[in-house]
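Got some structures for you, see below.
Shared between the two complexes below is subunit A, which has subunit B as its partner in the first and subunit C in the second.
Up next is the complex of A and B:
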């Protein structure tokens, strides 16, 4: 069998520069994608992988240009198909560290089918979905995450399409790791990339990303410094859900319904609040569902980090078992089959 | 009583019954036994797309035809000599395929008023004299089966399910075949799972055989002597199985792990099933969420250094078109196997057709050159799939290998190749970062290097956007695009230098050359042979390489006054030949979902050559 040459252990520590390709970055000035690229290039050197074992796969769209700018093995595929291409890469060589970079159009519209099936299989692949609630590269049509009534080039009278909540979709697709972050909080974005990397299995990371040309400010209430604290609640495993500039508010569940309570006016205390548990699939669904309620702060962080055998590990195990137990791996015996006869 | 034995050179038998009657199993059993006896043979399973159509209906009839003999058997036979009809619907739908004076064996127990009515009969054809032109043998197959199982305390349903073995046993007696092969099959298949079923099937098979031996209605049994095939070791094989073996052999001989990305589709699914059971050879199979996912996963696996394959039929090939174009742009090896079926749209899923040739060669956006091959017989699927793998790897290109429903499910004896003598398939992955350029090309083949993830220092980006020559970077430069379009086309054209010359069967020049491709090989050869036996001259040429054509094809075509191109489509190869060689070729086209009829083709050939030679 052909084998990949094993390079001796990394001689020098990788740095940000090692992940910068020689290609000019061609996103619009001010695009949220720049921050995502910078954080990925900053965090990748920390991981325990050789650079040649990173593979970045993408489809079509602004986000899908990402692999060109990252100096690793990269494949810029066709619209929506990155999860399927990545599945083949990972199954062919499970030692590779495979990342998919996609957007709300590429991943949730044309590629929705591939995405949900890759997620449910739990292939050990990281999916970073840049959500800007618009089609950028085709110049401003509404996407599957655009809000009802959104006026775009293809919806002059306002969008009629009810949007997906990406994290809810991922949870519904049986994803074992689901998280959300934003382009304008570099520290949190870096942390979420680390968490995705550490997960064994499909890791789905949604990033709120500003398209300053076609949908400027879509997430500003969550991403801007002045409004963020009151509109975002950061999820931390084992900790109560507290938010607000003065850390004076929290999330309590009433039955299954989350609600905002004050922990400053004496009516409630921290012990009344919901405590996050990343391993609880029911809780993850409730937290993801907060997205649809404008009266609630938007959760950011890891919704779910569950454990399940990966598809690639299971397939490798099945193949290894078949090979170990087989007496008949002789090609001639296979060609001969069960019944042969000889003509003299 | 005294029984005579008559020696026959060849026979065609058709088993027909309800889709639940086990006719495919019966036919396959008869085929395997016949193969091991050393007869040459060709089979045609003919079944409906419905898994279990309502019993007794004409659209639920499933048939299996086998043509076997002591001479060279090329087709499953235009018409059959013997028809085994398990019910009235099977009789009414298959009678037109029985030659005049042919033999009919009917299960009279199923000729109830209801079944007759469902088949459209107003009176019982077995009794009303309407079958006077045939030799009819009415047999109470259901009752005789029940009698044989009387003391076994089986359900009516279980008894009914065994009756196909009675018909099989009777045919074994009639054509002097041993029962051992089928006994062994019953033992392997049922003994562990359900010993009672195994016992029932054994008994019924023997009862059918004994019935032939003892009753007076069959006075003559027939013998078909072994065929004089070239010396060697043989097995019986169907096209899809040969395809599977070709892929595994290419994987072993290239040293690459085999990866199949596939989505279930008739008539290609058996390739997925069989490969999924060969994990011991390091084969990875991936049943994707759809056809597009299947081909894309294969592209990913190829990128990562596997021998990557996707299998499908016409509708699936349509869905895969964009991804195949990606593979053309990425210049990665990819083998696409299209088991053609009747189209357009869902068409005739279980019937055969050759109408995907244009789709294979041209059915993608942009200038999209691709190598296209086609197998001529079921066993030849092995060779052509192996060839597809060789070309894909050597030229870093997708290759489409066309088979079809008839090849996929049809069977013939196969002279088993010696595994050690199969040509090696060399693979060289790029390893040296010094001066590495992803789109630098081999000067002979124009193949770019295969630089797989995991190779230190070769990190690079590829994608579907136009590539800059050598660097592979994105390029919108007009001259570069023109260069790359030509480069990709030239690469495929160069394959012509690396494939065998087209060979003529018959005179090297003359009045008529019959040019075919794919599964029509047997029908054409058989028609040509028949015409020659009448003392007339006609030549045959069969194409396995459809794009590019063999280098010498044009020169051959110009030597003949007439070119006839028989195809199971409305004329696709003929358009390619006319366009490339500017010749006034004539077509012979039948699109019935069935192999071409030898006799019809014979007439078309004679019409062209007329009294002009011989």
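Up next is the complex of A and C:
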């Protein structure tokens, strides 16, 4: 009898349409969230996961409407609690490809606590934080990333609250993958989603996102084509930090302090510039800290891509070890123990 | 008298807080009450009030805990999901016996629910809400005027009894505009001594510690008994309700807040049709007007409870009526507001039904 070798059925190749739900997208016209959704839908089909293994989890806010629009299983949870909910999902079924979609309000105010603890555990979960520096859903109050002096409905005299730098917070929380991108650079946004996907462990991706109704133009100097080249430096592993319309400027580190130098006027050359290394936690911190200096270009890209065992992998290993070491014991024998006696 | 103004319920409440001498407001945006935070952010600081948007409702209630402990008039406001987050803090504040004001502009639940008006938080508001044996004094406004008036009354009650006071409104009362008159109110005249406050060890004061921990069971029971005695005093002294056409009523409606306004209209419609309907509107939900309902139950043919929930206050009404007459319930949920005609239909059914039939309907 001839042996029949069965060729596994070719998995249907996923397309953008597979990730578009039938829900009407209810963000304000012109919102930066549309671009993020479009890039996620464009990139998700490339990944080596079955569609049924994708999960989208969110809390409360404009960003948190994401699970309705992405045609995968989802969980629209509680304000700020998405990282905790996602932890439960991932630990219940480690095969799932878990993505958290959150914002600066949801993720960094009430959710700050859950976020930092999920990140430090290094659960294999991707967290995408849409930063628009405002509360959009409740119509325009300041958020934990709103800038000092920002006038909002709850800060008519200007905000006194010192803001978080999300990538710095993530690095401080021992996150193994930290990156930043923007809604108006679709190619880079797509690339950052790919990089987050490739990372094993907690991947934190901040996206500068324009809220054109309550905080229009918050990031325009970084996101608009005419000003971007002079105000943004793209981080690429192993490459020097060069920027500017004419690629004529670069970042040099003087001690621990980054500074802008010209590589066009003969004073400095490319070899003087800082070379990015994604695996260097100290460098990541210096680069993230550039965010607070308005005289420096804003770094975009992967700040850190470190390797550390994930919590879910460690847990699985620990459970397997405990099981292997456990003798096949009879419960009754345990209860009876070695010394038993009968009271007459 | 004060000046007459046209205001949104949330804004009237916020303005009243400033006039009542509230020194600290701590809140977090949530629909349908963000106007309280926004109004106070704009008008509070120039008039001597600290206004802070916290990182969460959990933080808000704990900031209130601190400010109240330091002896200041302090308040927070939120809507249902945010009030759920405050329950831990409220339990501690009630145990530590600190005066403060909490405002719940109720929306439909459970969960994230809707942003439309609801009365689904009655149980949470009146039965404790957090862990342990404690009560909040709960005032239920049914107009923009009362949204404002109850702030003054609420702060005075909180100070008098060293107990948190909750104003339980709903999304419609927060958002609607009506005329409101602010009473002449001088916070200085209402200021009372707070010999328990942690307001600084000046003038050789003895050390004060605010706590809710009483690890010895005897001490804890002592505190429980003292709290119960206080709640009983509140039950004796602070019951508030309004009667509308109740004196000769055959059918008595019991409804609070927005439902009471609808029920009031339904009573008028019923009277036009020759049905003697009346209304008892509980204003204080804790303490509940048990005695007043019990007394009226002796004289009416039936009682109808109208609520925007699945039937919560009806349990307290049944306890008050003690089976003297049938008690029916009618309500809508999910943020849907019942219409006076819907309520009228139930009144007409009750009016036409023989006594026994009405009784059966209650317990099916």
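Rule of thumb we're sticking to: the second predicted complex is superposed on the first by the 317 of 344 C-alpha atoms of A that agree within 3 Å, B and C clash if a C-alpha of one lies under 4 Å from a C-alpha of the other, contacts with A are read in each partner's own complex, and residues count from 1 in each chain.
We take it that contacts are C-beta pairs under 8 Å (C-beta built on N, C-alpha and C of every residue); 3 or more make two chains touch, one makes a residue touch a chain.
In this text, all values refer to a predicted model and were calculated from it rather than measured experimentally.
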| item | value |
| --- | --- |
| Subunit B versus subunit C as contact partner of A:110, first or second or both or neither | second |
| Which of subunit B and subunit C A:221 touches, first, second, both or neither | neither |
| Partner contacting more residues of subunit A (subunit B vs subunit C) | B |
| Which of subunit B and subunit C A:190 touches, first, second, both or neither | neither |
| First (subunit B), second (subunit C), both or neither touched by A:87 | first |
| Touching partner for A:212 - first (subunit B), second (subunit C), both, neither | neither |
| Which superposed partner A:277 touches (first subunit B, second subunit C, both, neither) | neither |
| Which of subunit B and subunit C A:291 touches, first, second, both or neither | neither |
| Residues on subunit A lying within both footprints (that of subunit B and that of subunit C) | 60, 76, 78 |
| Subunit B partner contacts - residues on subunit A that touch it in the complex | 1-2, 4-5, 7, 21, 23, 50-55, 57, 60, 67-68, 71-78, 81, 84-93, 95-96, 113-114, 117, 315, 318-319, 322-323, 325-326, 328-332, 334-337, 339-344 |
| Complex contacts: residues of subunit C adjacent to subunit A | 28-31, 34, 37-38, 41-42, 45, 53, 55-58, 81, 112 |
| Complex contacts: residues of subunit B adjacent to subunit A | 32, 35-36, 38, 181, 226, 228-237, 245, 248-249, 252, 255-257, 259, 261, 278-284, 286, 288-290, 292-294, 296-306, 308, 322-323, 326, 330, 416-420, 427, 429, 431, 452-465, 473-474 |
| Complex interface listing, subunit A residues touching subunit C | 60, 76, 78-80, 109-110, 112, 135, 137-139, 141-142, 144, 153-157, 161 |
